[in-house]
């Protein structure tokens, strides 16, 4: 008697994915299709698109830290029209649903980019990146204030007719409060988390290692923070959560699913090995089969309550 | 493994520190920090490695049941952050050497295997309070399973040298995982019984019978390490016969010295935390029916 | 002509230290004196002391993560009186100034422990650990709300007659705002930062790896966040800053000094190698001498402005 | 080194992409991802290592000046997070091998040295747009310093095979750091001039004179890599004589494929970011006085 292969499919509101593995914004592009088979992904996610062109930050834009990395790329963008004309058609070569990440530096700018991309064929969902400095509030992140997040999300939801995912920053006192605001604004799902805010200095030159003083801190090092955020968000809202931050292996994926994520995104680990997402898809299928788990959905939020050990433990058996 | 012991230990009887002073208090010398050179390092059975370190300051004072903290981070590297506690399996006081036997379990022990002869490992020891041989003891039983036996082998040597009859049980999942039998024999144990899961000889039935047989003819103390099941058998026997039990515990550790409080448990509702495994243990005695002394 | 050895001494208000290296609270105790020479430290810092006894959290209290660790020790404490009677005399064996860390779960509890320890001989300064859950505010950290921090600090300052250092949590939207509140409350110096809030799950047991769901995340992995916090705090206040988070080498120390720290604390790295602090003191002296820096004070906040590179760089020379 | 080049490059003249089509456009084949087995790996001079990889899909299409991304994380490990860009120093199309030469600088290259024969390195390549040999070229000058010469040696081979006279300058701090001289000679360069800082031969004076001499007798293109100073000399000569200059640039990289935007600079105030070194380069031409074609 042969058992059917495990079911990897999941749903994010009306968006059905064949598996829960997708790239993180900014760590993916059609160029990756030259070296790996993008058909096997659950979804594709673009780098954040702004309404107007932007050049991004000065060099160096990348630095390495213990088990992690810093980036100060700063979201260069060629603007909405160039995105539609040049980038979008290239993504449409592949069939997994395309999630377009959008950003802005004011509430109005988010509504503007949403309006310009609304109804464009080939866009399955939007991911609203609220980890951008709010120029109207002295550079405090858009995503740091619940009321601002709710307004941005509501405005985007009103303008588009596909699911709206909201991607949160971890650099806040209560990510649960921000998540509730996004849900109240009408979000279909929440992505947690964007980069931590970090910094690195070169003691020899006495300058920061990146072109801007602070930079986005990502990679395996941040996983414990991202996982905690996903758990907190999953407790706070009823909509699905997409986990991201430091995921590099199938074990990492299981942690995020158990903590309450319905899907996950892989960012920095795609730099380490461009085929990381595909390795994970394969390993996830094998793992579920080995463990007799029929559907990946059975793992979502399946964290057992209570501590891992209640008492002193006798010396281990060999 | 952790999961398994967690549930099971919930109902273990209370354990107490060994006495601070008197004949049944363990001998404790201050620990040393040194960069110990690797003298011998190699596989002794599938997954099991033996490591001999040149560590005179530790070899000088170590007592059976004590352990050392081994830093797994190499050279100038800053992680893995936590050092690994390892029982001191044996030593050569004159030669200044200590011996560790470990099983490859996770990232830490996997990295340990990469050390080669001449490499220097940051090592702190001897740590903790080890086993106590009662002054009048004539016959003792040692129950070890798997790598847990590592804590007991040195005790056998010291006991045998004092003329105490040592009866040792070595239990494992399969014959490749039988660690310590030879060390017991070399130390002069009068009986070494090796039992494994694969042929059923390690089951509660046969081991219980062996233990009962030994206890019937008079045993002064039972020492256990490495298994809930063995510990439970020992405690049952202790309740029935009044024999004292000493057990070696494990806990995740950071400092090994007693200041980080990582190796204790705080019981919700209680104002006192449980003993520190690194400083008050790792050897504890069973309470209340069987005091050590 | 021989140049004098570099001057490592620094000042934290009225507190003069022979060098800027000290332990982080909870990662130090008199027991360390068995294996290293504590006389060579700039200062000593105790684990946080509560007014009343507490038992701490269930096992496991420790777990390892990529380049970091999690702890859910939870500040067991034997209370103020036991501290004075038993622990304090042991610390007094050594001459570096002793900084006593204090905590509480309500504003009143902080004032209580300050009052009980006020005037006790052998205490050179207090470090107020505000990273404790505030039982009067639903568990939100005491250190997350500027007004609460200011009230706690002001109350402690009023009760004691030695310098009061305030140790901040990084788990906030604006650490600068909290630092300004501490300064307004009368703090002599600020320590930044305490542990990040993290989490780890064992996919096999489906339980968290630590006895409480979330745990304190520390070690080299968090350095970029800690450094960023120190830089933000140093820009926000005029009082000295003590940097902590992921420091393991002399290079790490230089980064924190350049970012604006006057002194640093070493936490998790003392577990990795118990003599880490002493290795750093030695290496710092050598490094300053090699670089011709006369005083460690010349490095404090000496970060050069501007990016590390302005343009594309020609391929490197060998 | 980064600091040094930072200040100096601030005033470098503007650089432009090589053309996308036409005779002076570089040939670019799609890259491949493979786990390349280490064939040879060893020290060739203090700090300098040579690594030969079995990478048929890369060897098949690589052109001079292209590079590969090498993952430094081993086995199942997830960091170092960033792979390292390395020029492809030489190749054997039939044998399916590529050759890398690198200098140990930091953590990444230090870890690279630990790979042994048979180990497999995740490798992506060939990447970027390499050097272009103009169809009518008869004589070219290659200026390389230190490890920067690695980008140029293969060009010498292709040029010599086409009957182009290759004049190569190899500059380094000291004689141990002279990389590539032998490769140039083997490739059939008509002149290989090796200069070092230790005897002053690498100074602006002597090198400038050598370059002027070469340019006086007619040079079709100057290729530079590895030094601000050499690039400046090349540009001066270009301005004076109208000779085209191609230069290979470096930038910190994450993807190497053109989607992460880590290898560009955004100039504050400008709406367009500078070219991507990984995709639009690493070879650029000098603007405006010396177009490539």
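Chains: A, B, C and D, in written order; residue numbering restarts at 1 for each.
Criterion: a residue touches a chain if its C-beta (ideal position, glycine included) is under 8 Å from a C-beta of that chain, and two chains touch if they have at least 3 such contacts.
Quick caveat: nothing in here was measured; it's all calculated off a predicted structure.
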Count of steps on the shortest touching-chain route from subunit A to subunit D? 1
Relative to subunit D, chain with the most remote C-alpha centre: B
Subunit A and subunit C: spacing of chain centres that average the CA atoms, whole Å: 32
Can you check how far apart subunit A and subunit B are, centre to centre, with Cα atoms defining each centre and the answer in Å? 46
Roughly how far is subunit B from subunit D, centre to centre by C-alpha average, rounded to an integer in Å? 58
Could you say which residues in subunit D touch two or more other chains, in rising order? 2-3, 6, 78-79, 251, 264-265
For subunit A, which residues are shared contacts with two or more other chains? 58-60, 66-68, 202, 205, 207, 211, 220-221, 307-313
Per the touch rule above, subunit C residues touching subunit B in the complex are 26-32, 34-36, 47, 52-64, 67-69, 71, 73-74, 76, 202, 204-205, 207, 211, 219-221, 248-249, 268-275
Would you tell me which residues of subunit D are touching subunit A in their complex? 2-3, 6, 30-33, 71, 73, 76, 78-83, 107-108, 122, 124, 251-255, 257-268, 270-273, 279
Give the list of subunit A residues in touch with subunit C in this complex. 58-60, 65-68, 70, 140, 144, 171-174, 196-203, 205-215, 217, 220-225, 227-228, 231, 246, 251, 254-255, 258-259, 302-304, 306-313
